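The following block contains the structure, expressed as structure tokens.
For reference, chains read A, B, C and D in written order, and residue numbers begin at 1 within each chain.
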């Protein structure tokens, strides 16, 4: 499926600042990019950090002496997600996990899995397949957390969300990740674009690793997994912020758009007993 | 029912200290005391603070120059709890509550009801009688929190317990109180003695106010409401600690006993559709 | 000194609600009221709760079927604060405190004094007069916390503020109260009007009890103690909110004004070595 | 300098478990190992995970059907730390940092640098060299936090420690790391052995990255930087726990020893104006 993505960020700058910018779609085997265009106001400078395969495409931007900064991004992305029958995925215990997956078992800034062990085991411990557990967690978060913009901020973590029962996509993802990790399922934060999302915005979901493969879930149900384009992956939002600012500058307006010709979200029959991989 | 209560506390004292001691049973219309005996090691001094009806019997103790302090307390208490059919208790909205009950609607140190509104409304909002809500809250806390000594400490609050899902009687009471208040039901902390409790210890429960009457619930189910003897009532444990110490002294050992001849806990049939008042 | 106070609150109402309203100035020996006027939109009903001397004047308001509610309040208040030389106030240990002051030693929702003992003792433990400690605490909060509207919300507590180092008057008061209590100084929340404050708003300060007298401090330094008019006193903001809402209604606009003819804030020479009482 | 290290861990096992074990010293250019010996009770199995240079030597252990497990470790390690004059180290802004250092700028589970920005800037923002800032942070943590075993646990984070002002080496490191990151200095957790530490135990310190080099600091001052042997490096203790357990097993006893012939801690003159690197 081919998507057309556009993003535009406007900042006012109080003092010369450095930004780590993370809005470029990833280029992978199953996410092919074309017609990419990235512009910044003349006077700012930007460098792309070297990346290993699969790593985020951090751009480091120096505002120079600008008072205002306009960043635009445009790309066409063709993705090719796959699906698997949950019962055909073999579970791999901690003893068989790849080393690179282990850090996604550990608690992180916004996903305090170390505090959620009892809750996770009590609610999901009886489910006997880790992929079914991850699915159940995603459903439970959808059922129990209200999507209410304005109820959370940049310091809100999974422990806040389990208490306050409200948040946005980022908070939904953090809570689901924390619950997965509490069950010894590696889980990571997915930041990306989502086709036709209303209102249009950057989006966050989570991926759970079973059988050394990463399966995607959206506990907000605002997107369909076949409409997701990956920007970044990380332990949580701390690793995958659209913009990390060192200095003093203010986001004034933001516009995001992700569309496709004739996009059809996956239906229930295509998801029943199945899980989706963005990189099959 | 007549109960025989004994308590013994041993402290070592690092520096001259003042204690607020709160282990005397209350004397009320439905809790009649006799044969009360209270001793402290010679050299310490103790004064009983004046109290209004229903207020805790704070004793203020000065350790003087003692290195060790032994406090003993003994009393016979006869209680006379009542029961009401829940459906016969008329609910009183905030608009009709007595002024003295209002503070028990507000969040307190260990009962952050202001953060638990969504959870409370989602789980218990559909129940249409506040006394049935309080009962459902007590049951839910019993079902969802594990009683595990050592998992909480003096700083643990309802928000910690809803996250960590473990605690002791104090934590069970705090969480239940916070959930009641989040539903606009005045709720307060009950500290007392509990007949035949295993292991013997001071106990904490909670009372919910409906129809301007206070009904007792024990979300730990370690006691039966007809085996409770009130020491103190407060917004939470901050108001009703057995001992609040100003200075430096250490509890070394503690012995508590509460027994009765032929005590029978209330059975399910006596509790079905009913709620219990300690001061009917 | 005579002050002229006006307040106006506009709400939109989503569903019939009950409000506890707490914006009436207190009437005391040293705070004399006149020309009081209180109006609410026709269709709402309001009842004043009985109060003991010194208690807040809670008004309980039922919105009925209104969609919009306008509340106006106007009063003239004449206050008569006093001052004392700190060195002439004799400190009273816990052992000599009035019973009614004891609850102001305990931690409360927004003032977790139980967690701040080491910080309080390390910074202020060497100061040998509790009134000088309270003054030092007020100064330290002013020096170490930034007054930044928008950095805190209704769930922000002293532990958040000691971490984040920013807040508004309510947060300043909570942190100071928690530090006082951690040193065994009873401390309470003061909600009121403040003459000529910029921008005009309801204000919060704190009172510390030494020698069984309550001394006022404003750690924000936005007001002068001789320009304060008391609305309410409580353990923290939970007890003294301007409006506690049971139902669903939204504050749309708020106007507060407190002025006087020829008001002169207290100068440094009038405060040196002294502390101010609103009820001398 | 050559060190002799021994460690011994005894566990009882409730159910078959997997452990990630992280007690092997790292082998690096400046930390040369010899005579390494590692034993586990017969019946358990252990595999060493593949590692990239500089990565921790995770051992993955399966307890099999054992009821008790004894792990012993012994090694000789020769280290060769270096020192630099702080004023000769050139500061590198975020714009010049290596990509691999960037994650150490982000907040992590126990180091919520996102909440400590104001405190960090107010206390250390005026210091004009990042290495001097890191040194000042280490000193400030030593001066302001009390080393008190038992005051913290596995969930304690930098925000708890800044409030409660007490902890152990792990907490000291977390707070210092969080303050460094809040100033845009990459900082990481160091887990290791420390020569002659009293009482002997595993130790935690922190490293700050300036000029793309990692400098070591011990805010507890329990060790000397020339007596440290690195086990692991990570964002915080979540990455570098001695043992992460998946299953149910209990540490019963632990013995750690790290000694050297004629070890002399660095003196003040050797540290004045200087900073120490373990991998110069």
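One rule holds for everything that comes next: a residue touches a chain if its C-beta (ideal position, glycine included) is under 8 Å from a C-beta of that chain, and two chains touch if they have at least 3 such contacts.
Because the structure is predicted, anything quoted here is derived from the model rather than measured.
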item: Smallest count of steps, each to a touching chain, taking chain A to chain C; value: 2
item: Interface composition of copies chain C and chain D: same or different, split at half; value: same
item: Chain C-chain D separation of Cα centroids, rounded to whole Å; value: 46
item: Distance between chain centroids, defined by C-alpha means - chain A, chain D (Å); value: 30
item: Sequence positions of chain C contacting 2 or more other chains; value: 115
item: Chains that touch, pairwise; value: A-B, A-D, B-C, C-D
item: Complex contact set, residues of chain A against chain D; value: 18, 20, 47, 49-51, 58, 60, 62, 93-95, 99, 102-103, 105-109, 111-112, 114-115, 154-155, 184, 235, 238-239, 244, 246
item: Contacting residues of chain A [partner chain B, same complex]; value: 115-116, 118-119, 122, 144, 146, 159, 162-166
